[in-house]
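Below is one structure, written out as structure tokens, with a few remarks after it.
Labels run A, B, C, D and E following the written order; every chain starts at residue 1.
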Amino acid sequence: MAENVSSRSTVLATDGLTMYFGGLKAVQDVSVAVREGELVGIIGPNGAGKTTVFNLVTGIYKPTAGDIKLNGESITKLKPFEVTQRGVARTFQNIRLFPELTVLDNVRIAYHRNVHYGLLSAMVRWPSFNREEEQLTEKALDFLDVFGLADRHAEQAKNLPYGEQRRLEIARALATQPSLLLLDEPAAGMNPNEARRLMELINFIRERFHLSILLIEHQMRVVMGICERIYVMDFGELIAQGTPKEIQNNPKVIEAYLGKGVG
Amino acid sequence: MLSRRILLPAAAALAVFVVLQTAISAELLNAYQITILTYACIFVTYALGLNVIYGYNGQFSLGHAAFYGIGAYASALVTKIVFQGNPLSFPLALAAGVATAAAIGYLIGLPILRLRSDYLGIATLGFGIMVKVLFDNADKVIPAMGGARGLTGIPKLTSFAWAFFAAAAAVILVRNLIYSSHGRAIVSVREDEIAADAMGINTTKYKTLAFVVGSGLAGLAGGLYAHLYVFLHPSNFDFLKSVDVLMVVVLGGLGSMTGTIIAAVGWVFLLEGLRIVLPQEFLDWRMVIYPLVMIIVMILRPRGLMGGIELGPLKPGKVVRRLKAALVPASGKEA
Amino acid sequence: TTSAVTPAAAPQATQAPKPAATAAPAAAGTGPAPKFAYKIGMVAPLTGDVKTFGESTKNGIDLMVAEANARGAKVTVVTADDKNDPTEGVNAANKLITQDGVKALVGSVSSKVSIPISDVAQSNKVIMITGTSTNPSVTVADGKRKDYVFRACFIDPFQGTVMAKFALDNLKAKKAAVLYDNSNDYTKGLAEFFRDGFKAGGGTINVFESYGKDDKDFSALLTKVAADKPDFLFLPDYYNKVNLIAAQARQVGIAAVFGGGDGWDSSDLDTKATEGGYFSNHYSPDDQGATVQNFVKNYKAKYNAVPDALAALAYDATTLLLTAAEKAGSDDPTKVRDAMAGLSGVQTVSGKITFDKNGDPTKAAVVLQIKGGKQTYVATVQP
Amino acid sequence: MDLNAQIVYFLQQVINGIQLGSVYALIALGYTMVYGIVRLINFAHGDVFMVGAFAGFFAVSVLGLSFLPAIILAMIVSMVLGVTIERLAYRPLRRAPKIAALITAIGVSIFLEYFTSLNFVFGPNYRTFPRPFEVTSWNIGGVAISNILVIILGVSLFLVVALQLFVTRTKVGIAMRAVSFDHDAARLMGINVDTVISITFAIGSALAGAGGVLFAIAYPQVDPFMGIMPGLKAFVAAVLGGIGIIPGALLGSLIMGQAEVLTTGYVSSTLRDLVAFGILIIVLLVRPTGLLGKSGVEKV
Amino acid sequence: MLLEVKDLQVAYGAISAVKGVSFGVDEGEIVTLIGANGAGKSTILKTISGIVRAKAGSVLFAGAEITQTAPHDVVKMGVCHVPEGRRIFANLTVRENLLMGAYTRSDGDAIKGNMERVFQRFPRLKERLSQPGGTLSGGEQQMLAMGRGLMASPKILLLDEPSMGLAPILVQQIFDIIQEINQSGTSILLVEQNANMALSVANRAYVLETGTISLSGPAAELRANAKVQEAYLGEAGALA
């Protein structure tokens, strides 16, 4: 898998990313890169700043310093929706679905930026509206199919069991048609068996949709199992990076994060 | 597909209209009853506007009456001053009401929709009170607006048919909007603004859009109101009127068009019904009984009468899947 | 309720404009009594923050109807509440006319309600007479006379001008200040006509300021007034507001003479704070004339309260209506309208009334002074 | 006006503003307290305030009580009323969306206004409030400062400090804030949520009662609709300062008071509300959670 | 039995989440409940602590019926529930959160002592004493939730997925702490997705499948059970 990663073009690159909350250094001089088609992990102790990096990349927080480039273009100053429109999608550590809406609508909303019909043709139901609406519904159902959720399309999102909510969130993120997908602890709350199936799914969609993926995860089975490269953060700073093997044997990482039992 | 979507609701609405209009033409209904029915239709339009803003978009507004008032005054001035009471100008007057209210909704919405929940409510409340003060003193700038004396001499142009078709048009337009991608974008903001943003929805744009649509509907209702009651007074657009419409929308069920229609009509009928039913010596109990009814309804149906439920043509369309093509990437870019 | 205005006992009785006429017979004495079934509607704010005005109005109407019926009339009253809201007012009027089939409307209190009601009455060709709505637009709108609509009170221009003249001529005031309710056309109207009259007569007005209907704190305004040191402070609002303003004005040391309009007329006026002040009114309770004395006596007997201006004017409005109906001999609104327009010199509590071409009464105003806690007659001003 | 007179005039207006602001603060504190804990814009608060003022009215005029017993009686009456309202109209909606309780609050507000204005209750009349003590004022270099101002400002300041300490330092106070955030989690801590909410309403309503009496002493008139406007203005003041934040209620109220008074004093009273609400909107645009509100970047 | 659940049935409206479950926790025991997402584990804990009401069946604590007891009274009896998803008070500081954990206690010294012990276990919390709970990272919040639960010195601790979202080093710590707490005399009912770890610290275990118990027994035994291994432990060697 990892043979000529370095020759692929860089999708995401952060440069000296820094974020302070008041006096608290949440992220300090973090530079990470994700190349095309790569699956990169970020690990680190709780509070290390991993989620904050995601929030910075997606424009939810504005960095105190540093720059974020997507395919070579700076996206540091963009609003979150603009970042998404450039092809970055994400899931949230605490699942954030549209709880009262149906599973289908959750996905259709994500597909919104592909819609061409205007407001007026929606209001008067122009023929082009119906055509497009049918198409986008098909597409949305396709995404749900991938995640085995098509049968539940009419269910309210909040009524799904936890695991399905996680899957729906990923499906929804994919529906924005990203080139880069950020997953924040997708396996949290899953048992090892479920986590393994999730891993397979992630690998599958990466190939299927030609994605680059940046993944935060605490379950080492998942991280070590599917990531090509891993960044390790602690106290807001990068303390190590490398292949899973390298990381597992890095004493700094073992001390700060993995503990003696894993490895 | 197309025909069913448009014709079904249209036919239903038409049927209701024909029955009522026949009763009116046959003089089975007296002027009072006709006024009440007309007012109920106007209130539907008015409340529907707030439902778009609050019910669907989740933006708490306590100043909806301001837009009702802006629409009312704008359209009244157009008929009275620009067209000197010419009845043919009525559609233009209504359009002016809609346009003015929507434009002001845009201008005010752009900055204040950044605020969240109750803070937004208070800001819109403040806006509403400012508009009322402006109405009170408008005669200093435009004498015809009458200020606290009120604006008189508006021709009576609003008939039941006008109000009904305006309400029906409003319902259909809102329905079509909500069940479209733009509508879903509006609703996603209510559900979770951060998630909506992360889905590439320009939340500012859709909040503004909902606010403009809602204000425009209030403006339409205001124009109809002005030409039904033929007299405008600033006190008709004060804070308490914003509260009235908020109550109606919540009692009907946020995000339910059916609920808004039922609650708006029910609210008008309840207040007027009490006027008829109560014995002469208990007339002042009307305003005592009415809030009690509201409280009881709310306690019995905390999500409103129709919370989250739609009936008939207002229901979302069924999802029919034609080809079962699993695992097909949706984007065109893989080709 | 401390300052009982007891006209009968008023020591200044000698100043009364008219000497006591023949002693009035009991309740059932003279007065209109149409001898046919006459169904009239009353629109008044029976709920809301001016409910108390609505009740006075209702009392005035009910008293007149009871007296007429005691004389053999067959008048029935259907009441409807307008909450002091134009929309509610129209609905109430519509209901009375088309649902209950009344032939005439009495009411409402505020012009903002009476104006839209007058349009309903006019378009349904039903008589309407309001006791207290002083805005010119009630009877004439945009130059068009609503010929079914009448009123029993004088209109804003008259009263405001009366007080301006009075302040200039009788009090020799040079500088006046005016505070009024910005959202109430009654007080706004009085204030503006006072200002215009006062300035036209050579006076100066530096402070012409408004407040909101629900304000309780007037210190900022009054500090402004105090700094201006006017001779006369015109407060053309209802007694409840005047009580608050006058008391606070004295507190900040404003020495000006206070003045106001008929809104002051109430037994609830704070006579301590307004002591020495003048206000224009429709009648003087000192008036020893039978009509006034009978009205005050009967009102007190029935409601155990002293009538205020609202009650008196509602009573008068009903008197005028029933007089016209009796003259017309029919409840037909058109006939009553013609009879009404032809009325002349009808003796009412607020004076002898003749309608002008606009359906507004021409009658004299009186100026009263609060003196020693009582209302005292000062002058009569002819229109 | 010469310069000296202008300075006196300015100071007098500032004093007027402080008095108006302190009055708003009395109401705003109860408002912000209830909002801070229950997240409910308790629209009936202004009406509880009105009932408190009436209780004071009857205490003084019928029972002949003096200031202190009257205000205590008013506080007890309001407290009972507030807790009853919570019990009957808000508690059944504990698990419902917040807006449902807001609507019943509006319903309760309308009910209290119209019910109390029935003739056999308080009646619709505007009644003159018999002051239990005389208003006197001290003249300091031409600027008048009344004892009412001193009392109201004193009470407001005292309440701000007392409430702030209560909410941040006492177990019940912290529990209130815990409840405001998550009922179920609070229950799991052993907190009786219903009791805590009742206490919140009891305190908030008692404050309204005290505010009602002080208000009626300052502006000696009571009527069933007297609570609407002060209630609304006070709530706006609380938002201006940062709703739920106790010192913010005082700060917001004082700003509102000055804005209204200085606009009246130097521009025109007509523009008073325009300026006051204009300031509100501008402040919110700059600081979307009020002056002292935490500018909360949401943790995602 | 310290805690006994008999024939418990719980439903959310029409959805039945727990369909007749019986089990118990003895004094001094660690008992774990494992099962897939949506099996009803959290629901059982919520029913014990009283924030969800049972449809049928009963819950006994120290012999007393607590099925209908209000949550705050259940806490007073010595049952402490650390809920899933942390549920810390975002608007309260770390310190205030901990104080709320000790709400039912009034002994100031004991509260102080408990707080010190919490800081020993979670030094990170001490660093952030006056930071609002809402701004803590996910893992910090989990620590706070645990610490808060310990503040009440409960007789039994109900832990709902305490290791969720924690760094591996912390997961180890958490389980160490769980054992430590247990050794100092507190019984523990542990709900976990991390079945490996849960089974390694527990005395006994129950496997929950869509609202019913499908397997139960000593933890070591279940750990060796092939079915459990396949369904809940994942294949061995997935790391490689």
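Definition applied: contacts are C-beta pairs under 8 Å (C-beta built on N, C-alpha and C of every residue); 3 or more make two chains touch, one makes a residue touch a chain.
Source: prediction; values computed, not measured.
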Chain whose mean Cα position lies farthest from chain A: C
Identity of the chain that, by mean CA position, is farthest from chain B: E
Chain C and chain E: spacing of chain centres that average the CA atoms, whole Å: 76
Chain B and chain E: spacing of chain centres that average the CA atoms, whole Å: 49
Centre-to-centre distance between chain C and chain B (centres being mean Cα positions), rounded to whole Å: 39
Contacts with 2+ other chains: residues of chain D: 114, 117, 270, 273, 300
For chain C, residues contacting two or more additional chains: 47-48, 51, 182
Chain E, residues touching no fewer than two other chains: 135
Each pair of chains that touches, named by its two labels: A-B, A-D, A-E, B-C, B-D, C-D, D-E
Chain A-facing residues of chain B, complex: 1-2, 5-6, 173, 176-177, 180-185, 187-188, 191-192, 194-203, 209, 308, 319, 321-323, 325-331, 333-334
Chain B partner contacts - residues on chain A that touch it in the complex: 58, 60, 79-81, 84-85, 89-90, 92, 96-101, 104-105, 108-113, 115, 117, 119, 122-125, 127, 129-130, 133-134, 136-143, 145-146, 150, 153-154, 172-173, 175-177, 208-210
Residues of chain B that touch chain C when the two form their complex: 30-33, 35-36, 39, 133, 136-137, 147-150, 152-153, 156, 225, 229-236, 272, 275-276, 280, 283-284, 286-287
Complex interface listing, chain D residues touching chain C: 1, 5, 9, 12-13, 16-17, 19-20, 23, 114, 117, 119, 123-126, 128, 135, 137, 144, 146, 215, 218-221, 223-226, 228-230, 260-262, 264-265, 268-270, 272-273
Interfacial residue positions of chain D with respect to chain E in the complex: 171, 174-175, 177-178, 180-182, 184-193, 299
